[in-house]
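In the two complexes below, subunit A is the common chain; its partner is subunit B in one and subunit C in the other.
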Partner chain A sequence: MPDRTPAPGGATAVLLLLADGRFPAGGHAHSGGAEAAVRAGRIRDQDDLAAFLTGRLHTTGLTAAALAAAATAAATDPDPDRLDDLDRAADARTPSPALRATSRRLGRQLLRAARAAWPHPALDRLADRHPRGAHHPVVLGTTAHAAGLTPAQAASLAAYESVNGPATACVRLLGLDPYRVAAVLARLAPELDAVTAEAVRAAEQGDLPAASAPLLDILAEQHSTWKVRLFAS
Partner chain B sequence: MSTAVVADARITARPDGRGGTALPVLAGGGPIALRRTRGGATARVTVIGAMAGPLGGDRLALRIDVRPGAALHVGSAAATISLPGRDGRPARWDLDFTVAEDAELHWLPEPVVAATGSRLLTRTRITLAAGARLHYREEQVLGRHHDLARGAPPGRLTSRLTVRQAGRPILDQQTDLGPGAPAWDGPASLGGHRAAGHLLTVGHPAPPVPPPGHDAALLTLPGTDATLLTALAPDALRLRRLLTP
Partner chain C sequence: MHRDHIGLDQAPARHTYTPPSARALRIGLGGPVGSGKTATVAALCRALRTELSLAVVTNDIYTTEDAEFLLRNAVLPPERITAVETGCCPHTAIRDDISANLEAVEDLEASLGPLDLILVESGGDNLTATFSRGLVDHQIFVIDVSGGDKIPRKGGPGVSASDLLVVNKTDLAPLVGADLTVMARDARHQRGDLPTVFTSLAAPGGVAPVADWVRARLDAWRRR
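Let's look at the complex of A and B:
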């Protein structure tokens, strides 16, 4: 069988590919709590959206980014215990069963796409040990390693995904002006980089953050009981 | 002005051999006074704040060790008011609880209230053996009533809760609320509420699912027989109603 692993040196393009909403990892079907926040009247305009995204970025975004960075480093270790520990750490940091299920579903979908794009023993081990899906940040970090990215790049992807999905969802849910939503995201860029740096530092020190936001958990549980919804979470 | 206080209080509970619980260690410290209020199968202790505070710069700790077969209930006489110190340093309040197999701890104190200008870091570590039982309530109130009435901002409360059960982490979460924490009052975090809390239940029947129309949810944790009732409310009274099964 020919070795289809891409040569190193394509890291920038790989990063763009992974961050692209068209990469088939299933993220487009999720609103990151925005759908429930819109229904509850908590996001009505772009200012509410900016506050929602800022809150999400500094809480679950930071936690996911640190887990992803730690997983990139742990994936270099042939002993799978470190990744399993990170999966348990992600479980403990996700008290909402609805969000745990979402994170594992997104992890499973990303793993499928990643194994096709960047075949690697670390991805195979993760699939073997977590047949129902590992947590998304753990898969993201392992994917980053398989694709030749650094822990910082994995953290940056996780931080970006923590805001990009809900922002795009609000264009559909509220009919917000997509140019104004793009401006909200552009203004968040320095904070995204700051959160990424904080996440990498925490992961290097082995002191994973557990930042959380109370309404995100509550809204996720409410959303999971709806019979009709536009987004899966 | 007072200087910062460092205090380390301890409680150890063990069976007394006659069907009750003895407290071989009941040691307050600094502003933390401990009173045994009743005997019986479950020992009851009340934490009495012997001074104002915590004030910025204070470092207070309470360690509770519940040995196999013992049952301990700890409450507090009044709300804990976090107040600003002289130099802007945060106060620290560290709780370290260990509950052995076939033992139980009920930690049901009054709320922590963040007065204008205060900064408090609380760190709670709970280590449960397999078969340990727990009721743990935590209530945080952003601002005293008279702070809010005069339009003053609340203080800041950063609170981390880490729980291990039989060696496995089943809950690890930190909230950072109040001025200085990014978007703390936004639609992902408090959303205009001023009181936030949890009731963590392990090894006891889970509390009922909160009624609809409230910002509250009953979460099943990844451990064994463990739930977290999490709730937000406009004030301490309404929060307590949501956290009282």
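Let's look at the complex of A and C:
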């Protein structure tokens, strides 16, 4: 007999809600480095986009996913030190000041939506301790805990967001065929799951990855100085 | 699941964390590109800044031009003007995902102390763009005569449901052959009892009807 029981407490639907690009957490104004890569001529079509997203997934995507999984586990601890440690770990893994600021801004915006949707003392504590915003993966992991999700689901959300935002941005920036972009994302799905599993393993072992993409860091720094731009990052 | 014990009645209805008792009245200004939103904000600041403590949030699509215009014209000190980046979709930032704008509004209140009024200018968009009630208390929709006199007839949520409709650039009406009586009649038809004012910001004191409406809203806000 196939198992038709939904995850307990509607967790599947919660996961869908959090992953929905319409969830009001500020992401729509950010391109995840795609705008700068487009301007630099590094993304011109869906093949370039697929390569860009693959690179992003295996670098910042993996790191964010592991941080998010670790944060979900840490949020069960009433002592906030563990989340603060993870916030510092995120800082250490984000060399670009522009990307640090972006991550904290997105963290702050997600926290607002999360507190309205899943009120929880862990979210209040995070807001109190980081009034200017904690890093986005840390907030995402804490939100997952508040919403009754697992570390693996938090990691999966982080991995998905690392490619979904830039893909949407490229539809807007380059007028790429939206069906082809959807196909690019669909082809990436197995890799998303693999990265999620790797991130969860790393978080469980307390060995957070520090994968990064120097070009994304450099592009982000350049982008932050532009006078005219369509996305905030 | 461990969250089962929280009912919706126990969840905070608020998602903005400035104490409502203290916070400033928030008024949004929306409308098509170039209709005179920034000119109206600038004129309102000049008209009201001696009697009120004011701040402005601008939403530019891909520059900070509006904020820079306000700064250059010194309508308010720089710390009272914040620009929000909207990422291609100005209407999303004022309606569907208001997080960046709420943050800007709250940061202004936190850094400047108690304010009377915060004006939020939307990036120029189309006739369907409106503000979320979660972001502003009232909204002004600014159109102008230069697209001809058909805009009020076309309707749309901004024209038909905004708290105040401003038909700007009346000085240009003769030049573009726009009939203001037709615009007034169509606006009444679309809006019922909701107010409409006609302005020319090219003339001195041209913003007076808007400033008076803002003062009345502020009176009501203080008496609430």
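The criterion applied here is as follows: the second predicted complex is superposed on the first by the 225 of 233 C-alpha atoms of A that agree within 3 Å, B and C clash if a C-alpha of one lies under 4 Å from a C-alpha of the other, contacts with A are read in each partner's own complex, and residues count from 1 in each chain.
In this section, contacts are C-beta pairs under 8 Å (C-beta built on N, C-alpha and C of every residue); 3 or more make two chains touch, one makes a residue touch a chain.
Every value quoted in this text rests on a predicted model; they were computed, and no experiment measured them.
Peer 1: Could you classify subunit B and subunit C on subunit A, in the superposed arrangement, as clash or fit?
Peer 2: Taken together on subunit A, subunit C would fit alongside subunit B, as the superposition shows.
Peer 1: Just to be sure I read the superposition right, which of the two partners does A:His30 touch: subunit B = first, subunit C = second, or both, or neither?
Peer 2: second
Peer 1: Is A:Arg42 contacted by the first partner subunit B, the second partner subunit C, both or neither?
Peer 2: Touch partner of A:Arg42: subunit B, not subunit C.
Peer 1: Have a look at where A:Phe52 lands relative to subunit B and subunit C in the superposition and call it first, second, both or neither.
Peer 2: It touches subunit B, and subunit C stays clear.
Peer 1: Per the contact definition in the header, classify A:Ala89: touching subunit B only (first), subunit C only (second), both, or neither.
Peer 2: In the superposition, A:Ala89 touches subunit B alone.
Peer 1: I want to verify one number: the closest Cα approach of subunit B to subunit C after the superposition, in Å.
Peer 2: When the complexes share the chain A frame, the smallest subunit B-subunit C C-alpha distance is 21 Å.
Peer 1: Which subunit A residues qualify as touching subunit C in the complex?
Peer 2: Of all residues in subunit A, those touching subunit C are 8-11, 22, 24-31, 105, 108-109, 112-113, 115-116, 118-120, 146-148, 169, 172, 227-232.
Peer 1: Using the touch definition up top, name the residues of subunit B that touch subunit A in the complex.
Peer 2: 160, 162-163, 168-176, 181-184, 186-191, 196, 215-222, 228, 230, 232
Peer 1: Given the complex with subunit A, which residues does subunit C contribute to the contact?
Peer 2: Subunit C residues touching subunit A: 1-4, 6, 10-12, 14-15, 61-64, 85-89, 92-93, 96-100, 102-103.
Peer 1: Spell out the part of subunit A that touches subunit B in their complex, as residue ranges.
Peer 2: Spelled out, the residues of subunit A in touch with subunit B are 33, 37, 42-43, 48, 51-52, 54-59, 88-89, 91-93, 95-97, 100, 191, 209-218, 221-222.
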